[in-house]
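By letter and in written order, the chains are A, B, C, D, E and F; residue numbering begins at 1 in each of them.
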Amino acid sequence: MKLVIAVVKPFKLDAVKEALKVLGIQGLTVTEVQGFGRQRGHTEVYRGAEYEVEFVPKVRLEIVIDDERMPEVLDTVVAAANTGKIGDGKVWVVPVEEVVRVRTGERGSDAL
Amino acid sequence: MKLVIAVVKPFKLDAVKEALKVLGIQGLTVTEVQGFGRQRGHTEVYRGAEYEVEFVPKVRLEIVIDDERMPEVLDTVVAAANTGKIGDGKVWVVPVEEVVRVRTGERGSDAL
Amino acid sequence: MKLVIAVVKPFKLDAVKEALKVLGIQGLTVTEVQGFGRQRGHTEVYRGAEYEVEFVPKVRLEIVIDDERMPEVLDTVVAAANTGKIGDGKVWVVPVEEVVRVRTGERGSDAL
Amino acid sequence: MYIPYPHWLNPGDNTWQIVAATLVGLMSLPGIAVLYGGLVQKKWAVNTMLMAFSGFSLVLIVWVLWAFNLSFGVPYHTGIGGDHSFFNNMIGHFHPAVSHFAEQNQEVLPEGTLIPFHYNQATFMYFQVVFAAITPLLFLGSVLGRMKFKAWCLFVPLWITCVYSVNAFLIWGGGFLAQKGAVDYSGGYVIHLAAGVTGFVAAWVVGPRLARDRRHGVPNNLLMVSVGAGILWLGWNGFNGGDPFYAGADATSAVLNTNLATAAALLTWMFMDMFFSRQKKATFLGAINGMIVGLVTITPGAGFVNGYGAILEGLIASAIVWVAWNYLSKVRPFSKVDDALGVVYTHGIAGLCGCLLVGFFADPGMIEYIGLGKAAPGFSVVGLFYSGSWHQVWEQFLAAAWVIVFTAIASFILLWIVKLLIGLREPDENLEIGDLAVHDEEAYPEETFAERVGSSVAGSSEAIGT
Amino acid sequence: MYIPYPHWLNPGDNTWQIVAATLVGLMSLPGIAVLYGGLVQKKWAVNTMLMAFSGFSLVLIVWVLWAFNLSFGVPYHTGIGGDHSFFNNMIGHFHPAVSHFAEQNQEVLPEGTLIPFHYNQATFMYFQVVFAAITPLLFLGSVLGRMKFKAWCLFVPLWITCVYSVNAFLIWGGGFLAQKGAVDYSGGYVIHLAAGVTGFVAAWVVGPRLARDRRHGVPNNLLMVSVGAGILWLGWNGFNGGDPFYAGADATSAVLNTNLATAAALLTWMFMDMFFSRQKKATFLGAINGMIVGLVTITPGAGFVNGYGAILEGLIASAIVWVAWNYLSKVRPFSKVDDALGVVYTHGIAGLCGCLLVGFFADPGMIEYIGLGKAAPGFSVVGLFYSGSWHQVWEQFLAAAWVIVFTAIASFILLWIVKLLIGLREPDENLEIGDLAVHDEEAYPEETFAERVGSSVAGSSEAIGT
Amino acid sequence: MYIPYPHWLNPGDNTWQIVAATLVGLMSLPGIAVLYGGLVQKKWAVNTMLMAFSGFSLVLIVWVLWAFNLSFGVPYHTGIGGDHSFFNNMIGHFHPAVSHFAEQNQEVLPEGTLIPFHYNQATFMYFQVVFAAITPLLFLGSVLGRMKFKAWCLFVPLWITCVYSVNAFLIWGGGFLAQKGAVDYSGGYVIHLAAGVTGFVAAWVVGPRLARDRRHGVPNNLLMVSVGAGILWLGWNGFNGGDPFYAGADATSAVLNTNLATAAALLTWMFMDMFFSRQKKATFLGAINGMIVGLVTITPGAGFVNGYGAILEGLIASAIVWVAWNYLSKVRPFSKVDDALGVVYTHGIAGLCGCLLVGFFADPGMIEYIGLGKAAPGFSVVGLFYSGSWHQVWEQFLAAAWVIVFTAIASFILLWIVKLLIGLREPDENLEIGDLAVHDEEAYPEETFAERVGSSVAGSSEAIGT
């Protein structure tokens, strides 16, 4: 199995989630993160003091899937998250050796 | 080495942590996340406007361990986090190629 | 490619980020997490009631890089995050099978 | 030999008037600032609060320099028609009121008052300015999350000068409508109805918030809403209690009535949510809506109705506005205009209800000023339920019609003037970001990711560890 | 010719009374609402605030419709025993008080007062209702996080009618205990002791919060606690300063004493935390506990003791309650009852301390009402330290015994009635979730994961980017 | 037969004085507590609020036990020089003021007053103590985030005794500077200039915050800042309105002027941010800075200048402080001292501006006390623009020089005494952690990771699920 990790713009979360639903993806886990990259951050000013913020809010999605679904999931996420503007984010894939569903103890594909 | 990632119900954090302590696990890293899955979310209503929230708060544990400990850790986490109700969560395992303890620079098992 | 995950002390974030910039690392993703380990937590007292907090705030960095850069990145992060005090954190490395830049659809090294 | 005040000044009345004014001031700052600041989406909280503080300040300056005398000064005779013509009784003279005479001399209204004031003009001016100042803050709720900050700073002074002053003079300054017999105890027309109408027109002219914001725009802090709401409720004791201008029996009766109507309205909304809403649950923000409806509704009649009237007014108005909020909002034009916080309902419709209900519930037994001799028993208002006559209802209706039509048209024109001069909307790229784009500030700054630019760390060696 | 008020009305006294009442109102809203809203676990903050706002509203309506006359009206003669029997002096007549007479006529207490009131009944009614209204909000602190919302809405009116009115009449309305000689300057018995007892009984009958909540239930916002605490402290100037009913020397002495006792109590608790607690650290919430203890303790004697007495009362009570809070809480029944915010300590025990300490510290030199002729020097209370007699202490003790026993039993019965009618507890599945389950709202909504259902995005094109 | 108050007591004036005092109290609690609590870095919010609550309490106790009579009591004759020598007119007698006489007798100032007070000493003492109590809370802003809590608890009483009392006696208590002719309507010298100077010296002596904190120390909650700021503004109506000591025409004129200067200063700072700052953006915290500058600047002259003067003073001072804030802060010694919230600008320099500007703008037509006979027209101050003479400016300057020099030296010495006795700074390992290290509390506790130690879960079965 694979773990697909996608870091995308927060307001794209709905779109990605809906697209994955269509694919029949049963679940995913989301984390609010801060991204650093080409997209520059911003400056904040409090009482005349300037603070530089080089990070940009992003959401990070984790999706565990069966190997064969990997390509379509990858394409779907990329398509749904794309705005064509800098800072759209990255998606990467990591191998998964085992998955367990806590409730039932099922393992492997059945756990998804 | 392996990285065990467990997404479980927040109020099960103590139980899992204590169970791992018993196993002699030295450390872990926890993130507050939002989960999407079979367990349905809820509706919020502010001034008459309905908002659908499809996500459920979960905690995500990361535990780096030696290969041979993997089975027991997996079982321990699953056992400790189980309530038998939908939404108990998932646990998955990812291979780790290297680990370093920042303080000492120790690598591999010694770093755990 | 590799995914380097570093869990370090929050106030070391700048140092690590700057050190990676020097290496020419284009991007990374940061999450605020809670760590459990040798470094003991603290006690909080509200209206006479004691609460034990076994976790310590940390930041978690994810950096996707080309295989060959792994050693220097690892060393750089460890060097930049080190204070010599307990709780400095851990860094571990996970294999990455694919990376995509959402904006352009570029894959592999080009996506970094 | 020295004395603390002239014979005409009564320290009790002067104290009540200035304290009442201070309570009303608190309704704006921090009241409305944090009520709206907590209700708006997190990304707009700073912008909302700054508009409240700056709006309040702008009105203060404009007020003493000219708007006070436009509202309460000597009538300006346009010369159109006779002495009692509308056009000779619609606005006061243009004249500042900041000299030491203006501040320390006894307050006198040109058309005379039943009883000479017991305090100096500064007291009266300050009491009146906090009313004027809260009005733009009320309709601010309609245009949150997209109006250009500079446009706000220009629109507020224009609106106070051209709209508020006219309504105030006509109804309170002894103008035409007052002469006709419409009554407004403390601002049902001049403040709430006008704010509701202006807010709705402004929301329409400025255009809606980003679709994205409307889809995700939940409030950010209900405890802050609670702070603002509580101050609003109790501050209203000054709002309505101050309007007889003397610390008499009618003032405190108005305070009690205000609280009764508010309690009744809060509970009505809450129970309607519990029994008629889709979720069948009481909600905190629903209760707060009901509370505001009660406060607004009783405003035009607080000292004219008795306790029964107050409770019934709160109950009726809350039920009406609850229905409007939940159903009328689905039909045009309401469904098409993005009135962010629904000011047109909680102030517009609630204010209208209150103005009309006075015509029904006003109890002649509620004496505002005691009359001696043939003036006995004194000044009071008689509603339909006591007189059987529709007269007062009709007068109230006419005044309402005027305020709605005039305020809508005048506000529309002023908005267009501002639009042509500097534009009304923030550009979309700012709307996407919110406070950070417009003010370089955010409501709850996060320190982990912020680093001081060129911070001198002089005199302190960096400490390490933790 | 018109006059602003009748000869018997004094604008200074009327102003003080209504302003004092407004300050007390602010203690409830937003005071208690956000103090408790910030102290409670995040998941229950909305429920807590809504209970505060709805409870306050319910008391207002009940008060004017019947509870005011039950508490301060003409005694109701049960006919059991003679004219001075307990049963003929325990409660007033059942009668509403909302007509224009009820509001505007001069306030008169049936059993007569030393001095005719200088204002109308609306002033007095409003002043008294804010006291009645805060009482349920105080014991709300005991039942947070599990009481069924509907049960709250039913229990509050019942309690005000059957418990508060009786205590108020007996001690303030000229009832039996007043005739016996017990004194309560502004609510040590009627409000704080009664609230502490009711809260404890209610916490026991309703049952504890979820074990999970008690294990993790930390406060959610200490800055909000600060907002509530500050308003509580300064609002108390009205709470105690308003009780002579005239803006005289004793009123302002009571204000000063209130602040002295509070400062002494806050510092005492803080220093005990610094020197005797396990952590040996001053804590903010500890200081706030001390502050509340001081405010509560001085309440029954604010205008009867002098400055020394005030400081000592604050010091003594704070030390006693600190010990009770840290040690008594470990023994039964205290260890077994889940009094969420510890109301039984900060209001119950602190109130009891105050009631008894008046018996010791009351200074005959503190004249509440000045007496002329043979009434000279006037009305005051004499404590043990000045008279050497235990008389006043004994009277205070008897009244305390009554309030504790009666309030406990009556509250217990009322709670059972509510339990049988609609149940007292939210079902466990709601307790696990909190506000989101009970009200579909949460204190600090998160927009990232919330999406508007069927949101019309009319009139606005979605903007992209950032 | 009973009467509510003695002939010399006027309920209107007494009410105004005690209400004004309550408003000033609210400026400290919750005002300053949450304004600073919201502006400071999240990790120091609890420490900040506890210092505010404890500092306020300490001053209350110290005040009634000795500081009140040091400030306003019978002059203490050192015997150095003649009757009018500085040293025989610099401080009052050491004597407590908590007996029933002290509280209930008519207030009388030793050197006599133009008009006998209309209320008892408790009223005056309480009014004065809230001024004394807010002063340390103001300079608290300079030493946030590193001062040792115990040191604070010791420094505050010492400072009130040795510094505040002297300045207060010299300028308000009829001391030397008052006799010379310097005027301070309600605290430009005694409170704001002194607070600014003390804060700056303390920030220097205590040393800077951790470099890390200064690099990342953003505010934590701008809505809280809004709550505090709003209360500060409206509370100032009592701060300046209470200082004629009678509810007369000058009191309400001072209130109006206070609001005018504040509005002008807020807008000036905001527009300077919009047009002259690097970002060219209006900022909320900038506007709040301007607001504070306006409030502070008008304080020494609120009832001596007219409306024009008030507006101009606000405008001028805000512009000056804006420049100082943005440029002077870059040069030594300002660049080297870590005055956390910039108290030296918003209170020190703003206070100084106000003190001097009175010398220019004071309008003889603004009568504080009306004179009869040859005392006509009454007491007022004449500024340069009306008299053409530099006299008043010079007097104001001399008093400013005294306050700056004396306060700086005395504070410096007291700080060193505290430093030698118990040390001034928290150890670095505590500075790294903040509230959690010093008080075991944090501002916004997180429940997910906290577990109650030895929590009894008696009486409740753990519920599972969600």
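To be clear about the criterion, contacts are C-beta pairs under 8 Å (C-beta built on N, C-alpha and C of every residue); 3 or more make two chains touch, one makes a residue touch a chain.
The model shown is predicted, which means the values in this text are computed figures rather than measured ones.
Looking at the partners of subunit D and subunit F together, the chains they share are A, B, C, E. When the C-beta pairs in contact are tallied for C-E and for B-E, the bigger tally goes to B-E. Per-chain Cα centroids separate subunit C from subunit F by 46 Å. Rounded to a whole number, the gap between the C-alpha centres of subunit D and subunit E is 32 angstrom.
Chain centres here are Cα averages; for subunit A and subunit F they lie 52 Å apart.
Annotation for subunit A: residues 11, 30-31, 34, 43-46, 50-51, 54-55, 83, 85, 87, 94-95 touch two or more other chains. Within subunit D, the positions touching two or more other chains are listed as 10-13, 15, 19, 212, 216, 218-219, 221, 227, 279, 281, 283, 285, 433, 440-442, 445, 448-452, 455, 465-466. Taken pairwise by the contact criterion, the protein chains are fully connected, each one touching every other. Put simply, subunit E touches subunit D in their complex at residues 1-6, 9-15, 17-19, 21-22, 25-26, 28-31, 33-34, 37-38, 45-46, 49-50, 53-54, 56-58, 60-61, 64, 96-104, 119-120, 122-123, 125-126, 129, 149-150, 221, 224, 227, 438-448, 450-452, 455-463, 465-466. Residues 212, 216, 433, 436, 440-442, 445, 449-455 of subunit D are the ones that touch subunit A when the two sit in their complex. Residues 448-449, 451, 464-466 of subunit D are the ones touching subunit C in the complex.
Within the complex, the subunit D residues that touch subunit B are 39, 216, 218-219, 277-279, 281, 283, 285-286, 289, 325-326, 329, 341-342.
Taken together, the subunit B residues at the contact with subunit C in this complex read 1, 3, 17, 26-31, 62, 64, 94-103, 105, 111.
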